[in-house]
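I've put the structures underneath this note.
Look for chain A in each of the two complexes below; its partner is chain B in the first and chain C in the second.
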Partner chain A sequence: MFKGLKFIGAIAVIACAFGAPAFAQSQSACAVDLKTTGEIEKEVVNAQGEKTKVLSPADKVIPGTEVIWTVTATNGCKKPADKPVINNPVPEHMTLVPGSVVGAGSDISYSVDGKTFGAIDKLTVTQDGATRPARAEDIRHIRWEFRNSLQPGASAFGRFRAVLN
Partner chain B sequence: MTSVFKHKWRVALATVALGSIGMSGQVFAQTITQSGLTISNTATVSYSVASIPQTPIPAVATFKVDTVINQSVTGSNSYTVTPGQANVVAVFTVANTSNVDSGFTLAATNRPQPAEDDFDMLVPGSSTPGYSVFVDGNGNGTYEAGTDTATSIGTLLADIATNGPAPPSVKVFVVADTPSSAANAKSALVRLTATAVLPTTSTAWTPTGVGTADDPNVVEIVVRNGVVFAQDTFNVASAALSVTKTSKVISDPFLGVSVNAKSIPGAVVEYTITVSNAAGAQTATLTSISDPVPANTAFTGGQYAGATDVGVKVGAAAEVFCTASGSDSDGCSVTAGAVTVGSPAITTIAANTSIVVRFRVTID
Partner chain C sequence: MLGSWAREAHAVGAPAGTSIDNTAQVTYTVGTVSASASSNTTTVKVAEILDVVVTLQTPSVPVLAGVTRKAMVYRVTNTGNGPETFHLQMTSVIAGDEFDPTAAAPAIYFDTDGSGDLSSGDVPYTAGSNDPVLNADGFVTVFVVNDIPAGVTDGNRGFSRLMAAARTGTGAPGTVFAGQGVGGTDAVAGTTGANGQATGTYLVAGIAVNAVKSQTVADQFGGTRPLPGARINYSIVVSATGTGTATATVFSDNIPANTTYVPGTLRLNNTVLSDAADTDAGDFSSTPTARVRVSLGDLTQASGSQTVQFAVTIN
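Right after this comes the complex of A and B.
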């Protein structure tokens, strides 16, 4: 669906969405900026000779590589963005790492079908005519519902880990 | 993973469907993701301003799946061989667990003595240490000379879902002759080494982009397991037979039965033939023990209890006696000047046991 869309440079900003009927557009010409980043965790030895883990741009990504996805929403408007919700389908060919989803100040819920969201242990999957609890690999959607409005200039982020199948 | 992987997008279209990516086609077999596939992560933020819902904003990051070269060679089989046995076959399995199609070159080698094994197998039909290697061309799992002729694997498909749930694999046959000098209970190890190669050039895969961050738009090559080996064992199973023969004068015409009887014409002489199988050897099947009646002597029957002709003692069992008539089925006969003892009087000889056969002749 993104075919034909053009983005310019590393930080392309095409200001102002023009609204479809369902989304009445406010008069101010600004929008929340969303950025998504993929990184891996690398073990490094610090100045004290201790092993620590740092995030770094992903080295080669091959099956089995755990990628840390970070999605950051920044309010570039002069008005608060209310009820910010970030939806992030788990990328195809990747499997969510259980317990890896974080997002300060947000309520996190999951979905196997993109319709029913809830806690992982409340989700079920129908397989071969039988219903069973959802497993990590069944989770295809993550949703962060931020409890507070995003003030002008403020950022909110969600993060999860997923392994390339 | 630089540039595009970190791009942020701000789009000017409102017709963005929410949460509809990555819904179908998920395969959770143990297969892996194909090299070169573009992985796309799309997040969307929705919000309201002054109670008015705004156009959801998506952000996309993508990367291409890099190539990983991985394989397995499975062996650890043991085969029993006999000294001098030709064209014995060890079977290995080579599986491609890469996310790309790969070829494999193959090499089978002996292992050093005495550090690892006892002797070297020989290239079939030669006295040169070594092996012949053949790929199971028709995939039936059995080595067929003349049919399985390829010596390297042209292409094994990638370990991805469309190629089936298990990693594509093929059997490899390592063929050798057992040297006739191979002794019982000795063993020879054979190592099959497979090297993953590009199907097009048959040259080994070379890593690319080493030491640099990932280029999300380039399919780089990671060689995880480019060269892998496994070993099989040939165990020699052989009987270790030895034969001794002794003689003793039982009686002569002057002294009769006496320890002092001399081997003069008319004297009766007993021959004792002992066949032994050494400790630790394999049980041998004995077809028969045959001994020519010496020149200038005549087989003399009826010398043992019940007018029997030949004494046979197998291992610790009590000695049994049989008749030399070829018409009965006791296994003993005298034909063409030779004493022969076979089944059922003797059948097999276990390790660390002996069979003792005795009979008597009269000196002409």
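Right after this comes the complex of A and C.
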């Protein structure tokens, strides 16, 4: 009986890890829902005749286009989620736009390999046997470490721009 | 990951139709329990850019009055990010030149045999029938073929142009062809407007300078075997044919490897030229590469042939 319970518990953790919030929520464990959106900026002329920029979903884009990626974590449980950390790989075929990463209340770090995270100017890559400072196009992961716990019902978000190669 | 990225950076861009997926992860703790979750996957489709560049591969083509089937070489490159079919067109009626070349029939050929020259194996282009299909970054070599009218004179120029246009459509950069790209994505006219052109020049400069080189060997035993120590006498006949003038023609010839120039043997039309770079027309120099050089001045067909001679010994 005890073995059986443990087994169910293990499944719950796995399900949570693979993002099945409905099932996870049925357990006493907490579930943080994570959502990404990709948008592009379009310039429009408003009713006052002024040019403004609006965001619209980026479903089809051509190379050279900047896509604004937003990842939002929402705490869907009744307890605070402590030490929330969001990790977003820079999508394939895309290059991070330097200086575009934001995330209120978070410490932002980067990685070229998904293992070592740090400030961009501290990262290096090895190319043709030589080590050189990492450039924007070398960055493959962005990490937001939020300083505060995520309260029940609260959201935190990170955002970055990447250009389609 | 890094390596694959580096290769893509040098390509045209992300291939049309590619799905760009984004999935994020979050980790956190509740009490003492660690947990993690993945986000939804947001997908962006790479739309197709329609772009084409036509480049001239030949500098101005020298021609004589009345010659037929003179080819200009062009390259048509798909600089978009997906496969595309291109229509080709040519014209030789262009302002700014002194004569209009006459388009041959057919006037556009593919370099089918890859020789770089118009040759019998090359297939003519027929619009709508064998329009070139080029992958992203792919190119095809094309000849534009014209006849040169009789009666043109030296220095006259005749322009001829090749144009290529994406079959999907052309238009101002940014023009969208909804749903007409690879895999049903949109196709968008790129910076070239999905059409390209280049213009070449036929130049009536009917002067061609030819050099014909001959040699005799004399060995030290009275024979003609090329033994070490044997002497090779070179004779080069330089002549200009056609109309016009080849100005300030200079003949230069490197001393062959494993031989040594015989001092005092340089001659122009049987007149001995000193080896020093001085007031006569010729000189020998050992650096950086051993060579003889003779200034022949302005040559026309009427100048007749000019004979340069020198000798070397085999080391």
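Observations on the structure shown:
Keep in mind that, in the parts below, the second predicted complex is superposed on the first by the 135 of 165 C-alpha atoms of A that agree within 3 Å, B and C clash if a C-alpha of one lies under 4 Å from a C-alpha of the other, contacts with A are read in each partner's own complex, and residues count from 1 in each chain.
As a working rule, a residue touches a chain if its C-beta (ideal position, glycine included) is under 8 Å from a C-beta of that chain, and two chains touch if they have at least 3 such contacts.
All of these numbers come straight from a predicted model, not from anything done at the bench.
Look at A:L164: by the touch rule set out above, it reaches both chain B and chain C.
Residue contacts after overlaying the shared chain place A:S100 against neither chain B nor chain C.
A simple residue count on chain A separates chain B from chain C, and the partner touching more is B.
By the touch criterion stated above, A:V125 is placed in contact with chain C alone, chain B being left untouched.
By the touch criterion stated above, A:K79 is placed in contact with chain B and with chain C alike.
By the touch criterion defined above, A:P63 reaches both chain B and chain C. Residue overlap on chain A between its contacts with chain B in one complex and with chain C in the other: 13, 16-19, 24, 31-38, 58-64, 69, 71, 73, 77, 79-89, 91-94, 113, 137, 140, 150, 164-165. Residues 1-2, 5, 7, 10-20, 22-26, 28, 31-40, 56-64, 69, 71, 73, 77, 79-95, 111, 113-114, 137, 140-141, 150, 158, 164-165 of chain A touch chain B in their complex. Residues 1-3, 5-23, 25-26, 28, 31-33, 37, 39-61, 63, 65-68, 99, 209, 213-214, 216, 220, 222, 224 of chain B touch chain A in their complex. Listing the residues of chain A that touch chain C in their complex gives 13, 16-19, 21, 24, 29-38, 58-64, 67, 69, 71, 73, 77, 79-89, 91-94, 112-113, 125, 127, 137-138, 140, 150, 164-165.
Residue ranges on chain C touching chain A, taken from their complex, read 1-2, 5-6, 8-9, 12-14, 18, 20-31, 33, 35-42, 44-49, 81, 185-186, 188, 190.
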